[in-house]
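In what follows, a single structure is set out as structure tokens and then discussed.
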Amino acid sequence: MAGNTFGNVFRLTTWGESHGPAVGGVLDGMPAGTALNLSAVDAELARRKPRGAAGTPRRETDAVEWLSGLHPEPDAHGRRISLGTPIAFLIRNENTQSADYAALGEVFRPGHADATYQAKYGLRDVRGGGRSSARETAARVVAGALAKQLLGPSVTVRSAVARAAGIAASDPSTWNWALRDQSEVGCPDLEASKAIVDEVARRRQAGDSAGGIVYLEILGVPPGLGEPVFDKLHAVLGHALLSINAVKGVEFGDGFAGSDLSGSEHNDAPDADGSIRQNREGGITGGLSNGRPITARIAFKPVSSIASLQNALDADGQVHKIEIQGRHDALVVPRALPIVEAMAALTVADAMLQQRMQKHA
Amino acid sequence: MAGNTFGNVFRLTTWGESHGPAVGGVLDGMPAGTALNLSAVDAELARRKPRGAAGTPRRETDAVEWLSGLHPEPDAHGRRISLGTPIAFLIRNENTQSADYAALGEVFRPGHADATYQAKYGLRDVRGGGRSSARETAARVVAGALAKQLLGPSVTVRSAVARAAGIAASDPSTWNWALRDQSEVGCPDLEASKAIVDEVARRRQAGDSAGGIVYLEILGVPPGLGEPVFDKLHAVLGHALLSINAVKGVEFGDGFAGSDLSGSEHNDAPDADGSIRQNREGGITGGLSNGRPITARIAFKPVSSIASLQNALDADGQVHKIEIQGRHDALVVPRALPIVEAMAALTVADAMLQQRMQKHA
Amino acid sequence: MAGNTFGNVFRLTTWGESHGPAVGGVLDGMPAGTALNLSAVDAELARRKPRGAAGTPRRETDAVEWLSGLHPEPDAHGRRISLGTPIAFLIRNENTQSADYAALGEVFRPGHADATYQAKYGLRDVRGGGRSSARETAARVVAGALAKQLLGPSVTVRSAVARAAGIAASDPSTWNWALRDQSEVGCPDLEASKAIVDEVARRRQAGDSAGGIVYLEILGVPPGLGEPVFDKLHAVLGHALLSINAVKGVEFGDGFAGSDLSGSEHNDAPDADGSIRQNREGGITGGLSNGRPITARIAFKPVSSIASLQNALDADGQVHKIEIQGRHDALVVPRALPIVEAMAALTVADAMLQQRMQKHA
Amino acid sequence: MAGNTFGNVFRLTTWGESHGPAVGGVLDGMPAGTALNLSAVDAELARRKPRGAAGTPRRETDAVEWLSGLHPEPDAHGRRISLGTPIAFLIRNENTQSADYAALGEVFRPGHADATYQAKYGLRDVRGGGRSSARETAARVVAGALAKQLLGPSVTVRSAVARAAGIAASDPSTWNWALRDQSEVGCPDLEASKAIVDEVARRRQAGDSAGGIVYLEILGVPPGLGEPVFDKLHAVLGHALLSINAVKGVEFGDGFAGSDLSGSEHNDAPDADGSIRQNREGGITGGLSNGRPITARIAFKPVSSIASLQNALDADGQVHKIEIQGRHDALVVPRALPIVEAMAALTVADAMLQQRMQKHA
């Protein structure tokens, strides 16, 4: 129950503290015989690394060590074949500067899990936030990159920054997705991207930080995935996405805005020719995929670690003035894209495997 | 895996189709010796019943039949004592008019789970939406009413309508909660309530419907509840809330709006006297309760069943013109309040029990 | 966690106390479109009823009320089609004589769960043993009868009494299974059967009781079922069988006796023609079915409720002399056969569904 | 579902193939603040290593690398304090001679999981048996050694060889447990021990092998542990023990022999002074611990890898003559003792944590 496992039949368990020896995971339930391109995993991890002015100066190599679950002989394309047994992996923690945290040992940083971990466990590893650090999400990205390969080429999981530091990008329906990776902040609207970079730079200089909204799209999901009642596809996706550090909200399709509409506007009814062009539901009806694109928006709070002076409590309730010295991002949403996609891919892959059991053979 | 069970150590399994013999559930994990007032359950179910002009004319008695898990002898206050064994219960389905659905048998109603259930299972019970009907939530309300009693008087779980049919209520911080039940639509801002009632009546007359936003507040949750990483308290709450019929989004604390702020604004730092007055986090930091009120907003799409003419597909891809004749609400959010609270209470009770295992004895 | 659910993707949850209103269950995960003959369920329940001199005089009607999960229209053969949603059912408790237990309320019956339930929960329902009564197994038999139908005609799950009251039947390989139901005690060796009946009658007259050993055979299981490591097929089967009231041991294939053999004797190696005639493994190698018959023996302790005088403790540690007056079997193994088969069928069906996810599509 | 996780709230997930880079595990649910002596883990692993004439010549260093879940600072006694987060660890595979298996690649060794893995997954790692090798149990021993420390000094988990190669030791009630580790084969009856050693040597010389029976005893378990119905304490223990490689049977208390007795003999009734001296139930009544010693016997089949000539099938159904050349034990039960104890300790620790949630606070 201890909350370190995600998924029903396709299950990821992660482990590791930010400044411990390593972080890693065990992915159980990968069907035997899946050909896995491990360099595609490295590419996903590279997307998670800090980039440009917005990122933390902490540099992690993030070399994945594969420990189990793969046939020793690669196939003709250099891919490793899954054995059906658990795929375990780890990434060593490097370049940790635990001394940065020494001064903070007794103080609870606002916005961080320090006070709450202390309340939960009665003790904690203060170095780099320990288990509560987003360092853990590297393991999610590894597993998500494998999940994407299980989903195969017919399914596309992609995300981009739709809003950051208060600056909105254009509507995703107008995006040229190819431009996303030209943006330093993962935003396909390059004009908005530039404005975001500037505003984040301004905030960073002021010792402050920013949050944002990620747009997620999953194309090619066949209809009928998800489990009725408690494990509706968007409920499990919501669980997955809300479990990412700093996420405070999630909505599907028209989401909050859609609640103002009338039923006749919101219902994705067919046109006279039988095609359904509207997608206010965001690809999920009654909790099950309906075959149209699954769309979601995910809200990230601004980064809690800021360089300017803040009040903070210690365990005795005394107030201290602190300035957080560690190496931190001023905006995390660009680095969050592969994490968002990883959680989405894990969720859809799990649903896809469960769907194999729904009908009488 | 079939998605009809919610919770880890405090677990609700529900069953039942809308027009089958009954709906019901099994609540497993209620600690032995909990004194349960069963008439409080009836009171919660009464809140779920259709009321006023906005509600469906279908009238359900909703008498709970208790089947197991309770000591045969009531205590001095008429309460039943839990045995520690599963508490099973059922509610008979009455006043069903399945004939209303006969004409719809072959057509997939827009916004409903008809087409998606057909895709998932290859067949379905068309009467009243079968398992996909919100009738199932009666079982959640029963279990939630027991969960509230397990939480006890130190925890308050309450919700109200914050917005409906495009009309916003005042900020929840200004509400007099006692007024909520004077509102026909569960909105403590009685002026907004009146406007909502009028707008919903107008839409209903036009053969249309409305959606809305529910505000949820959980007071008195001790710090440290929730499980780090995948089962963060708000991730599990989000899962719980998104699993309610018609919910398309959920946010905690400042949620989507908070993503525009800077870290210095968003961090709930203490004042000089050590008290923390701000609650932009919505009572959850790093995925664990922080001792302040847990706050959330839940977006419900407009009711899909509308009396006006719509296009609809059948299984062969042919387009039909349909007018939904059944008895339906034009606005469901007022009836959703006890369901929202039930899911919240189930989640917090589960987290509370899990917390008993977190520290070395 | 509260232990009232069995299975991973094909899951039975049971509920109910012996003298409460009813016992019942929820079977989740039955693939949609499975045609179910409900009168076959009644037939299995009839096998569980007390028969002949060995049985309790308590007579239960055991009429199953089907509550959900079945399409309302039967098929041409009168079978009900599963919807893919949870199948809930209940059986009313009748003919309960709770007064029999009034005198026992404060005393812990030797061999029963009275003292241990009291230790676990701090209270209990003393009437008929409450939740600990074998009455609960009626729900298992219902679900097992459905599981057998999911397995279909290619799989046979059958069991018989191999030993009782110290009297051994002939080797199962020599049995004519058709004779089993001619035996009052479910033993195909009719000579042994007669001796068992006599010895049980003798013990009953002496106010005493008997135990026995059930032989279980599962034919037609395809190779590869089961999950390596912790959920080996025989480990899960063992869990299933040991969870039946009064079971104290289980062995597969040659079991305990096989541990004396040498590897060359025990290995089920092929003959020169490639056929494998020996089955010391009992159909499971390395935790996975090997395609040969799965065989097991299950040990039941003698019935604890005896009419002769025994010492018994109360909650204060005082010793009382008791004579158990209720209506009880002097031998339960014949009635246990459908329960053993039910647990076996549930286990194999669960493994069969899980196997659908093991290979890349 | 993929069967690599054991436990409900105290959960071990293992991973790793015999000749892959490493084997390891993740133990989730260790309460925060538990002081853990890591050298006690090494001591348990040392008990699992091959010893004497009966053991395989493969020598493994078995150095545990601790990856997460432990506070960086040891306490005054050199113990590491658990953080409440998952404890991950690995052991490198060394001294693997995969070439031994090259010749076997296409042949299914009798008694091994070769054919069944092939049937399940469609492919396998043939080197050293891959995932099906008992190498995996090293991870169980690590986790079990931590579980023993969580149970604390009031609980004793111990096991010894009660029978091997057809030679029975004296009754466990007569044992001097201190002698067990003087026996080369883990048998406190040193006379029997000598006879076993001789008989195993004889079989090994003949290119053959032996099996045996392990006696397990758990002292100090408080009454009330276990979950009624499906997760009875002995059902879960049985699951745990049957999941160990080569185990074919398990019995509790008097087990199979007890089924011959009458109820008046088998019931563990109190004496006139209120003390219960008999323990035919083996410490578990009605599925819950009763406070007396938990006793079990576990049957291990003879080692399947034998040096003498056997028939074996290949994937095409052709018969081959094989002689297994690898380095193998002729008797595994002595090395199985720490594994048996590990599974028992994991089970009891899980039950103990679950018991914290059973009563109203």
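For clarity, chains are labelled A, B, C and D in written order, and residue numbers in each chain start from 1.
By definition in this document, a contact is a pair of C-beta atoms (placed from the backbone, for glycine too) under 8 Å apart; a residue touches a chain by one contact, two chains touch by 3 or more.
Keep in mind it's a predicted model, so treat the numbers as computed, not measured.
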Greatest separation from chain A - chain, by CA centre: C
Comparison of A-B and A-C (more C-beta pairs in contact): A-B
Distance from the mean Cα position of chain C to that of chain A, given in whole angstrom: 46
For chain A paired with chain B, centre-to-centre distance based on mean C-alpha positions, whole Å: 27
Touching two or more other chains - residues of chain B: 1-2, 4-5, 8-9, 14, 29, 32-33, 84-85, 120-122, 131, 228, 354, 357-359
Parts of chain B lying in touch with chain A, wherever the complex brings them together: 1-6, 8-9, 14, 110-117, 119-122, 131-132, 136, 163-166, 203, 207-213, 222-232, 234-236, 238-240, 242-243, 245, 248-256, 258-274, 276, 280-282, 285-291, 297, 299-306, 308, 310-313, 317-319, 354-355, 357-359
Chain D partner contacts - residues on chain A that touch it in the complex: 1-2, 4-5, 8-9, 11, 13-17, 19-24, 26, 28-29, 32-33, 65-69, 71-72, 81, 83-88, 90, 120-125, 127, 130-131
Chain D contact footprint on chain B (complex, rising order): 1, 9, 29, 31-34, 82, 84-85, 150, 228, 353-354, 356-361
